[in-house]
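Here chain A shows up in two complexes: once beside chain B, once beside chain C.
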Partner chain A sequence: MIDGLLATFEPFQMLMIFIGVFSGIIVGAIPGLTGSMLIALTLPITFHMTPLHATSLLVAMYVDSITGALISATLLRMPGSPAAVMTTLDGYPLAKSGQPGGALGLGIAALFWGSLLAWIALATLTKPLSELAVILGPFDYFALVMMAMVLIASVAGGDMIKGLIAGFLGMLVTFPGIDPSGGEMRLMFGVDGLIGGFKFLPVLIGVFAVRQIFADVLTIKHRPEPVINTNKGLFMSWGDLRRFSPNILRSSFIGTIVGILPGVGASVASAISYLVARLQSKTPEKFGKGSEEGIVASEAANNASVGGALIPLLALGIPGSVVDAILIGALTIHSIQPGPLMFASNPDIVWNVIAVDLVATFVMFALMLGLVRFYIRVAAVPKTYLLPVIMVCCVVGVYSLNNTMFDVWTMLGFGVVGFLLERAGFSLGPFVIGYILAKVAEAKLRQGLMFTDGDISPLFTSPLSASLLVIAVILLVWSLRPERRRKSAARHAKGA
Partner chain B sequence: MQRYFLPLEALVSAGLFGVSAIFLVSSLGLPAGTFDPLGPGAAPEMVSGLLCLLCLVVLVRGMRRAATGAENEVEVAVDIIKREGEESPFALAGFFGLLVAYLLAFQFQLGHFIAITIPFVFATVLLLGGLSLRNGLIALLLSVGLSVGFFYVMTDFFTIRLPGI
Partner chain C sequence: MCQHLGHTREEKMLKKTTTVTAALVAVLATPALAEWPERPINITVPWQAGAGAVDQMTRQLQATVAEGDLSSQPITVFNVGGPNPVGLRQSMSAPADGYNFVVVHTAMMTLEAAGKIDFGYQDFEPVARLGQFCQTTSVHKDTGITSLDELLERAASEPNTLVHGANLGAINHVYGIMVEDLMEGAEFRFVQTGGDAGTFPEMKGGRVQVTGYSAAGATNFALGADGAPDPESPVQMLAYAGPERHQNFPDVPTFVELGHDLIFCVDGWYFAPAGTPQEAIDGFAAMIEASLADEGMQTFLDSKAMVGNFQAGDALSAEMDRQWAAIKDVAARAAN
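Entry: the complex of A and B
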């Protein structure tokens, strides 16, 4: 750990962290641009870096891409990311009432403490969890992936069936190309470009960047109504810190726990902690009208969930959110396989990731307080000029992978598919997580069957895998229940 | 006459059903495994089979909703009116057309990266921002600056090969 921390102070590494945090905040502040998009577009540039520098840059971007959303949510009434929706409810009214600096200051302090508290969990829980995960057999791991898939689908957008469809579609996309276990060609449909399958980056940039560009072009007429910012109240006083500390602690705890759960993500974390803060508040009527407690709860949980999500990512190789899935893919491209063996195979990288999370938190705090006016200006740059630039970056980034236009057309195809799926109400989170987990799930199942000479029964008789499958079934039934209830309520209402 | 609307989710599900059915049929024809009992076709069969099934569920759900035609017609009409003011489908169609033309120019190597990127960025900025002198000037500066800057940064600094070169 100490070595990891010391390594972050190497000048080029520090520069990478600064660039990562700075660009992460900017992307977070611009509504419509996401951390997933930023990481995907930066990946081709990191091919020329050492794995340590590349992970520092990508992790700093990952940690802080959620942070900048506070600015646009508070001053433009447009959440820069879905996770900042709850902040918009109170941040904008508070800013509009003449306290924009105060609203931002509360948010910045809350996300700093949330991030710091989640880091403590990250630094202390990751290694023990990875040691526990080493004892997982192939069937246990397969069952764990299945449970994660069901959990992800059940929380995605509220419609379990659509979530499962998106997840299975993501899995299906990984199958064309050379079978990783046997080496046979499969499902190539006569297309030579599919020998290596649909590659990670074209699919990713298509689904997250190109799809988002299409969505932004469609709503290009929409202009936010900005609030004039003043820096008054930007620095939180000790009195305020004492006053909000129970809220910060509670929300950070909720954020960290929700972050650890696969696929749930920051938006659910902020919503839960916001609701809990409202229940615990002496003035619940202020929520939604500019409540300071609401901003603190939402932002502390937001950033804590990011640190929490790094725990299963590093210890199990299971993504806690969409950005995590992308980060796993990015690390894999750099020949780093997140998972139980990472502490043994790449200890320098894993401790570096943990150290970067801590250093990036302090850098973020300084850059948010120091450059808030600059971020506001950047967030207000019209998309008319931004979108063509990002589109060219997408084309160049994807082309540079293999110098082939096939990848660029793949990107465009997946951009269209992603756009249609989202318009039709299918969540894209399960899609990308299914895409990442499919290879692990297939490999582990086939490996398990090879060990047992084709006998599948250990999957259901081994205590751990059986328990995980039972949890998956319970989750499945549980998440289908409200749908049935809602339908029967609608039927009753119609009958009446 | 009663009009029926099929929700977009049902249309998308129908498309996905077709794709997964093709995957299912193709994976059924894959040989048995050489080294392992499961073989290369088992996982695609399971996933595409389940996907077919789930798509059918959403498709049937959508068709049942469409069957309550009058109610659905009002819903869709309201939805269109609501979105009319804030969405620009023509801008999206134009942008998509320009993008496809941009990629085709690279595909058929019709010119250098800079020569192809300048008109794409210029036309896109004008399409999204509207025709005006100010916008035209910004579009010109942005398209030339981006194309030339990008070319030198990518090829000289990152030694990344660009399309059209």
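Entry: the complex of A and C
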């Protein structure tokens, strides 16, 4: 590994890492633009590079393509990537309360520590940890997702019924198109574009970014935005680090483990970590209203999940998500085939990837801190100028994802849906969580039933899935407690 | 008679005029290609960028053409993500001006047979085949099965118990059914696990007992760095569905050697919209053929365990008809 680390300090390689991290942060910060897109567009440029240089550039882009999402999620309430959806729930209220620097500083510190801790796991435990990716069966995954589903109840806010309805609506959105298990086309309503269903990015960008643009446009004349241009609190103090260290450690652990599991991803990692942080918090009522713990949990987990995803990718050649598959494709073009053979056939590349992940984490930390003042200024630009630019980025980004206009209409449609839901008092958190988790839950449950020829009993008898279901029930009861108490207090007050 | 003669002259004149007009109309209706190509050539890839061997093959073609000066104009690659039908439909309706092409593989036939698209390869102009990869049949070592015959006998004596990982309705599922059909009564339990990368964790975890990896997947998951079978891998290769043994695993017999009439290879085909000028089709095919002599292309194909296998013209059409006849009914069964 030392050789791999030393190789990264070669000037051209450092330049590649710097470019990779910088472009990753920029792409991550702009709603609609994704890491997959960046890697795919960069790929032809790398044809003339050596495999080491190409790997450095692509891996640096890969590991930092969601870090920038923190910025737009916090300053504009528009997550640059779906991975930062949970950050939006607390980052924006905290920034709005006059602490944009503090909110970003917390997020940057959390994502730095999350990346670093996941790197330690990657560098030291790749082989044993990669086994996790194959140990869990479909029923275990389903039970894990059920555990995360209870988050819907816990983030429903004041109105539990509305929260559950929003969560249910989010689940419904996953149904149209080719079903993930049998390949059947369903609920197409004669619309050809629906064959791929409502895709992840257009829906989330619509619900968060476009919905926010609509809301801002309607209020733009009545409410000139106060310019908050402060980066106070940007650097996390030692005291804060000590205060948040259990949260950082726990969230990074969750992020790394969830990252290892194929097909789950950073959004779920962030959601689970957020739930656990809320359950552990002494002030759970602050979640969704600017909780520092919420930002830390979400950012540490989503960045750790990227490092976690590298573990099965390198050790077994298993891609956990679309961007992983594209990275594998890109490396293959450079005659590098991630998988069991790679440790034996290309050890220099393996250690280079691991070293690049570490160096990119430090470069990202420095760049994020350096760019924050600039971003805060950008966020302070009058909305009349800023919103059209963001809207153009959303449209261009979402269109270029698959080069189909249907995705753009989906994004705009879900912008309207999100706007109307929020106006009607429905919380968007449950809607998004329902949407993110339902697809995985359906695919895994049906896969499990195929394995067992229709027998569901292993879900309850297998030790792992049964334990996870029990935990899910405990979490549900636990998360409902404050709601019950609140209602009971309200009843007592009424009675008095 | 004169009148008759005059009438004949008029008739001849009319016939001549009609012929010339028809020829002119035909010439004008077909886009004139002074020297193809005069502008960049667009290849639509109905997959997301970077995903899948065919996309990567086309990106290699793009680089090979640019570096090897195989065309006076560059290739632009246009990825249409989401399910294949979206990109295929767009390509079918693209202008047939000699500058629009689409790359796809056998998946188009499985989609058509399953009724997921209402068009097929017959609705395009076939242009060329660049290369192909063939499937293997592998089992988990824990099954104790060491030969194809043992596998088929087990699948026949204990039907619906051996779990076969596949992407249901897709190529590896169709292939699995074809293997199952080699022995009467043999029946696998097909489970949705996706392609090679999705199936391997399930096999390594012991939940999948049999599957059809591509040659690249089998190389990556079953062999060690020295090219010999990896003793730590759970994958036991039984047979290869190529026309002859694969250089990566020369000890694995072909189905034909084992007495079964089964060759199952996935071809990387380039098509053009119907009505594309022949000059462009021939020019594109010549470019594909020339690309196979490039070292970079050969290295790429080797890295994907693919075989460069150029085919164009009538031979290509005949091969597509042969594959369609073999796949049609099985793919329809896979969809149900």
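Quick notes on this one:
Rule of thumb we're sticking to: the second predicted complex is superposed on the first by the 269 of 496 C-alpha atoms of A that agree within 3 Å, B and C clash if a C-alpha of one lies under 4 Å from a C-alpha of the other, contacts with A are read in each partner's own complex, and residues count from 1 in each chain.
One rule holds in what follows: contacts are C-beta pairs under 8 Å (C-beta built on N, C-alpha and C of every residue); 3 or more make two chains touch, one makes a residue touch a chain.
Every value quoted in this text rests on a predicted model; they were computed, and no experiment measured them.
Of the two partner chains placed by the overlay, chain B and chain C both lie in contact with A:Asp453. In the superposed model, A:Gly425 makes contact with chain B only, not with chain C.
After overlaying the two complexes on the shared chain, residue contacts for A:Asn403 are found with chain B and with chain C alike.
Shared-chain residue A:Leu132: touches no atom of chain B or chain C. Applying the stated contact rule after C-alpha superposition, one finds that A:Leu241 touches neither chain B nor chain C.
In the superposition on chain A, A:Ile165 makes contact with chain B only, not with chain C. When the two structures are aligned on the shared chain, A:Ser181 is found in touch with chain B and with chain C.
In the three-chain superposition model, chain A touches both chain B and chain C at residues 44, 181-182, 403, 446, 450, 453. Note for the complex: chain A touches chain C at residues 36-37, 39-41, 43-44, 47, 133-138, 177-178, 180-183, 185, 192-193, 195-196, 199, 262, 312, 316-319, 322, 325-330, 332-333, 335, 337, 339-341, 344-345, 401-404, 406-407, 443, 446-447, 450-451, 453. The part of chain B that touches chain A in the complex is made up of residues 7-9, 11-13, 15-16, 19-20, 22-23, 26-27, 30-31, 33-41, 43-44, 47-48, 50-51, 54-55, 57-58, 85-89, 91-92, 95-96, 99-100, 102-103, 106-107, 117, 120-121, 124-125, 128-129, 135, 138, 142-143, 146-147, 150, 154, 158-163. Within the complex, the chain A residues that touch chain B are 44-45, 48, 161-162, 164-165, 168-169, 171-172, 175, 179, 181-182, 184, 186-187, 189, 214, 217-222, 382-385, 387-389, 391-392, 395-396, 399-400, 403, 405, 408-409, 412, 420-421, 423-426, 438, 441-442, 445-446, 449-450, 453-454.
Residues 48-52, 55-56, 59-60, 62-63, 78-83, 85-86, 89-90, 114, 116, 160, 163, 167-170, 189-193, 197-198, 200-202, 204-205, 207, 220-221, 223-225, 230, 232-233, 299-300, 303-304, 335 of chain C are the ones touching chain A in the complex.
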